[in-house]
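The first chain written gets the first letter, and so on, giving A, B, C and D; residue counts start at 1 in each chain.
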């Protein structure tokens, strides 16, 4: 099985007014990111508006991403559902389309006890033969992965090999590493990537990398080389984008930023608002200061 | 347009292991509730596991409910989505199937500002010609209807005529009544129905009425007759079921109780757990004390 | 032991710029409320800024209140502390000063497990020979009284005879009544008093009664007489004051309102802000509509 | 003015059953920590149970700490109050007793708007001539310091020179550093110290350093020398103590650990529970593995 590491931008989902995936816009974004040197691609994360898309829309997004990537780098696509049956259906289909890995997310309406959480993620892992990245985001999701559940899952399923944590609690990452040392940890945009790398992380899966792919790869390389002082100089600058990202809605922020970069991908799906004028101005200023405007 | 009032049981959704709606179980439940004298039926509320069903499953549940009810009482079906387009599609389809009203719910992953909330519910109201019941449940949903948003919606759309509030904050209902006097208020299981009736409410839409339909109708009639002392004697007894309902998962509790009553409807969809032995014993005791077991 | 029932206004604490209690302002307020017919007085509740006063300031407020009341009605004073020792010291002293009852509050910095909660309130009950009113306000306090803790306390201590719940969850009151039927329940300003009376409550302890004492007594009498329809007409009007009270800071709102009524009691203690111009205008309008301005 | 940096253990407060400060136990702890090489001492933080002590108890703790330290290292004592007047009184008194700095904390019962927050901390800064460390702990305190409030305070008061943040959100620290670069940042036990040092932090003020002072100083020195790989090896081990500290109550955990080390300081003040047998066993195992038992 392949080894995942480095910078995996969370792709946005370009959807036209008629509800159809804008294949060209998506393919153009994929080419742009590959040219910038990123290490993998993650469609259908939070930034990819997975919670707003139909099965058919999601399927097409995975298909276009995999076909455009054409094996040049791994595609790790998001699977998110409230029922186990729906999650397994997605995972099997995405794998058939050629994904190298699955980012597994549990959506919930009613709270799910740990046994249910373990059963859900376990069923996904059993349904496919590729690596699974557990994804937990207590800020937006109505369930969380407890340390005990993570340990049970990693102990039972050989292909549950990574975890992406989108809480803001960086100490929790070290607690997970201490408890389940074999699990590879990816940072999310709510953590400082250089800190997570210092802790022993494998990289990051995050929306901002869509807007600053080259700079993100440069930061990753500095960290990997143990050049921590230099990495912090760069990290300090890049963090300004994460701050904006947290302040404004995620999808709106990345879609708005791509438009500023000449890579129009449309607006977030209604009733989500597009980035407003203030947000656009703040984003323009930050992207400019980072050399991320054409 | 019809006037809604009284007891509207939230229907559970009987789904087989193959993912198909169990038409017979659902029709049997509908006949049972009509025989008990309830005033309306609400499929696809929280108790109806709307968050766990596909469009096709939801569609079939509405169809069976409407066909079985056959005009004997109004069916007010739930519409819930993260996108405006999906919500409108559901509302139009449910109306075509013969629903007398729509219970409108906003699902959200990212927080939605008030303008987006108003646009979402407004689009549903504009798409159909029947009464709309706004539904807000801040405990499970990731958005809430502010008083200002409720006022804007009721002022602009003639068919937004009711609201069901599933917060536990009963004072909020009186605040809404003071601010938007023309809006008809329905209680949820988190409020004490007799109190909401005293405030001027129209009735209640709630899961427990599936298990105690006759007793619920009796309580409603006592309240309507202004026999408050008697209503409180009954309310005090019935409240024990609401307490259980809040303690155990909603769908599991109602599905488990119907099985005890000889009206098997299956389990909640995985990874949701079924009612455990302790919950079943507690439920058995309460239903027995209320004369609600065969 | 005396029986508590009816309207107990939460007194504000008039403190001068030099930190001394303004005896005259407090005595004037007490006479004003007694003349209006209230059934008891509660100094040192939330509205009384208990969390902002020293032991000496609190002691003087109890002393002036008891001396002015002079046995015409019961004074139930607040005891609030983080340590058991401090709470017992206050309770013993307030009782010596002539209080008829104690309103017992647990302040917490770190969370306290149920055993500690029970030990704290039990120690207060054991230290005095008068009735105890348990007070729980999960909105502002960092601890809550679980139903199990309430049941243990009421079962073990004969003088723990009442409970005031300041959550907004009215259903919780009925759950407590069902579980511990002998405990007398008082409403707080976050509940609708007429609803709590319908449930079987004894009355209410709340800040707004400082501003509308006559109207509050009238509402209580209508409820006691079972004239529920009339009580709701009045309740609907009075609720507008509770809404303001919830929107603006409690102490600021009552202190500002008393000033509008010609009963100046100073400002809340810094850094709490006084009522601002908008709040004052809203309050003026509501008090005027209720006939509560001179 | 002196420059603060390095490891500042949060001292526990040894209080006898009679409510008196145990001077000897406190002095012994201070000598023990100084011998271990720590860079400063912080009495009256969260771990020091500031929320449970009277003015007189707090005063004596500061006095004993300063007298024992005798100028060998800076003492930065906690000031915490709900009113500005009380906070200023403490700050002036602690400074008179010989503190080198003040750790300023806002306690709140009702929420305080930003203007009030700024006025409170500004009044403390104006009342003394020594450096102020702003302290924010959104987990236990009912107020938080917004980035805007921090910026206003640092801009207006020359002696507001440091901030200690006890949220778990490490990214927030980098956001503060980006916005107010001159403010020196100290880590709390909820952050990973090595990460905060990488970000440019000055050190940490935290309870666990009471139990592992030598190991903490060693970690600080590795970070200062830029030996990040080695620092992470040590950090990974020490983090196990922070995990226990977060799981069990802070004061109970440190007081229980000191007893295991032969430095008995009594129990937390009632109704707080002492460390239970499970906690003691876990703590024993971790301290042993870190070479922190005699």
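Following the convention adopted for this analysis, contacts are C-beta pairs under 8 Å (C-beta built on N, C-alpha and C of every residue); 3 or more make two chains touch, one makes a residue touch a chain.
None of the values given here were measured: they were computed from a predicted structure.
Trainee: Please find the path from chain B to chain D through touching chains that uses the fewest steps, and give that number.
Mentor: 2
Trainee: Which chain has its C-alpha centroid at the greatest distance from the C-alpha centroid of chain A?
Mentor: Max centre-to-centre separation from chain A belongs to C.
Trainee: With chain centres taken as the means of their Cα atoms, state the distance from chain C to chain D in Å.
Mentor: 36
Trainee: I'd like to verify one number: the distance from the centre of chain A to the centre of chain C, where each centre is the average of its C-alpha atoms, in whole angstrom.
Mentor: 51
Trainee: If I count partner chains per residue in chain C, which residues reach a count of at least 2?
Mentor: none
Trainee: How are the chains arranged in terms of who touches whom: line, ring, star, complete or other?
Mentor: ring
Trainee: Touching chain B in the complex: which residues of chain A?
Mentor: 19, 46, 49, 51-52, 54, 82-86, 106-107, 109-113, 115-117, 119-120, 140, 142, 249-251, 269-273
Trainee: Residues of chain C touching chain B in their complex?
Mentor: 168-172, 174-175, 177-178, 190-192, 194-195, 198-200, 226, 228-229, 232, 235-236, 239-240, 242-243, 246
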